[in-house]
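Residue numbering begins at 1 within each chain, and the chains themselves are lettered A, B and C in the order written.
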């Protein structure tokens, strides 16, 4: 308590002795912290967004291998009752079936380096594919034609490249296009349900990656309610691994240290102007260690003050100012982020202080005197 | 009791070595008021700093009430400065932007004393020097004499045994100087040991004993009263 | 010299700070240079496309039987070439811009791919060269074959040089005359990219290549068959004035041969991608710049305040205020100079260094424009440096400062 009173008196001293320099120091520290918060948000949380939205980061895969009771109506019901329309749009629903090489008589698998593709259908025949050749979407004409359409992976090596007929098992399809993917031979849903009784997987594919873990879990619970006996693989986590996060945080801490170092030169000037106070403390019975402790508390106090002001500014003006300045949308600061920022700010300040205060602890009381 | 025996202090000035004190030995009894005089550069301030535990010596021994001071660590020296020694300096050594009360309380911050008790003790010291009514004033609002009283109050707040005063009247007019010396004399009459560094023979006349230093050596040590 | 000693004395007051400032400035300037280079590269790739005047075109990626390619490479290439000849004859198609090759040339033990530039390529994608592109009329067969060198790695060759190369197909020597070298940054058109999304910078390559003109005597000069190697991708340029329906039909027809990206799609996607790329890169450089500026301002203020005492003494000894400010400014300039010089020299020498393949920051273009941008930034920095000195000196006279310090 007494040391805090001394710390407060010292801070007031700086403000009174050199108000211009002190105000500049405080403002610069706040701005420094604000920039750190901004840059932090546009690197670490943003990296989660930037990392990718590959399908495995946004797909729930319901494994139907263990059960033999697939009912398409359950899928229909699940889609109709989808409760997450506010947070997530209606997802794509894919049915998939693994077939053997023998079921693709038109394909040359010699030396084929990829996996044997699955048969796949989208519940509403709404496909999201990139073309290698031809069509990658089923239109009404295709769906109404006698021979149903099929879209195959571009890398699939056909025995006759220009053949427009493609067989799946004993059924014949009309090859309308090739897509850039590797894993799926795509047919209309109607033909999938006719030809294949029991799919191996039902895949619920969301449009975007869900970063909110609460919603991710809620989706799993919802799907489980329709498929209670089946294992549901949730989306893979696209978050940064801890090592990567720590590396980025360390880089930011170094940059923050660099920025703050420049400010410590001003603070050093402030402290120099008030060096006589340190001398008086020594004169009146303070040991070096006590003085060093007081000075460290003072540094932490100033860092904490700028931290609180910076956090306050940031939260207050986040929606109106900082969100617009963000380089990526939907950047969210979690509690962990704020803790990390606090540790960086206080830690770097204390470290810099430690480097600067060596002369405080070295000199005798006589040298500190005047 | 202060006992120093053959203390030497050297300073390195570039490549040259300067001897500030050379084999100084003296003993000061409790309750004595001693004037230390000499020309500029004689070594008075160096002796002052060593006796006040502000600096260390290169050789010799220093015993303060039987304690071997030269072997003490920084924390122990600081404790001595806090509890046993009070300082009164020419330049007052006050924190200008703080109140009189805060300045007087300062040594108590480094002592194990509750904050509430600190205030009471500080007011007591201010009463002793006759400026309790100025407790809330900022020190830079006071006259020279008042500031020196504040410095004396601070020196007294922890009931020290020794007061070290370095030209306490150097920045004051003669009338105020006389008042301050009167106050210091009164403290001595109450049993406090006073060491006074001064150029001024009039101020030295308040003391019972006079020590003259020249070129780092004591050349005179005699009773004046 | 006398004044320099005073300046040096003043700098010694802030040794540590000056060093920190130099480090921060150097880092900030190099990062700025990299950013400028990246933006220049992004603009360069888009500009190249825009200057090609192929607004009404698509980038076609033919679907090719890779099995067939593995079994009969030249047969497949011929099929690709025939397909493009067939497409070129469709009504509504103006021309096809494709790149083909008849092998490679070995010079001083290094193989360089030889690309054939036909009229269409030359019309749309002839970059600026040192020297010139090919002569208007074909040179006689007994003369060295005119070539243009593209990409990086040809620092040993100059325009006008006559080289002897070994042609890969025949192993026979062939004489080459360097008519031109593609100017820095040396990029040439590339049609090898078949990504799902095509950006303008995907269509550039800095690989060292030898470019020859497509002319009737070429094959006999090379003494080789007409077995051609051709990229499966090409630009298909439409005639002007086609209706939307006609274009739609052409696109549908082209879609049956492979997939395509329109010129507008590529430009739009490129712009968006470049902005995204900058967004990803910018945060940390931004922080670095802020650090540099705050460092500058604080250390400059510190420099002035620390030297205030000395300045007062100079003033008592007869130094004018103007000269005092001059000494301060010179000191600050000395801190500022090494990072600035280092950076400017790097930019000036980078084209030579990258051409010689000693250091190649891919997808970065640094040239005269970069220098002027960096100089502008340095000018702003200098103002920031001098501002505190001017502000403090104007506010207080030396006597005022002296009295303040004495009290």
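Everything below uses one rule, namely that a residue touches a chain if its C-beta (ideal position, glycine included) is under 8 Å from a C-beta of that chain, and two chains touch if they have at least 3 such contacts.
All of these numbers come straight from a predicted model, not from anything done at the bench.
Student: Can you check which chain pair, A-B or A-C, has more C-beta pairs in contact?
Tutor: Answer to which pair has more contacts is A-C.
Student: State which chain is most central when centres are taken as means of Cα atoms.
Tutor: Looking at where each chain's C-alpha mean falls, the closest to the middle is A.
Student: If you average the Cα atoms of subunit B and of subunit C to get two centres, how far apart are those centres in Å?
Tutor: A distance of 74 Å separates the two centres.
Student: Go ahead and note the Å separation of the Cα centroids belonging to subunit A and subunit B.
Tutor: 65
Student: How many angstrom between the C-alpha centroids of subunit C and subunit A?
Tutor: 32
Student: Touching two or more other chains, which residues of subunit C qualify?
Tutor: In subunit C, no residue touches two or more other chains.
Student: List the residues on subunit A that touch subunit B in their complex, please.
Tutor: Checking each residue of subunit A against subunit B gives 1-3, 5-6, 9, 12-13, 16-17, 276-277, 279-290, 364-366, 369-370.
Student: Using the touch definition from the top, list the residues of subunit A that touch subunit C in their complex.
Tutor: 21, 24, 28, 31-32, 35-36, 38-39, 42-43, 46, 50, 108, 130-135, 154-155, 157-158, 161, 178, 180, 251-252, 255-256, 258-259, 261-263, 265-266, 268-269, 327-328
Student: Quick check on the complex: what are the subunit C residues that touch subunit A?
Tutor: Going by the criterion above, the answer is residues 14, 17, 20-21, 24, 61, 63, 65-68, 196, 255-259, 279-280, 282-284, 286-288, 290-291, 294-299, 301-302, 305-306.
Student: Can you list the residues on subunit B that touch subunit A in the complex?
Tutor: Residue positions touching the partner: 49, 53-56, 74-75, 77-79, 81-83, 87, 91, 93-95, 97-98, 102, 106-107, 109-111, 115, 118, 154, 158.
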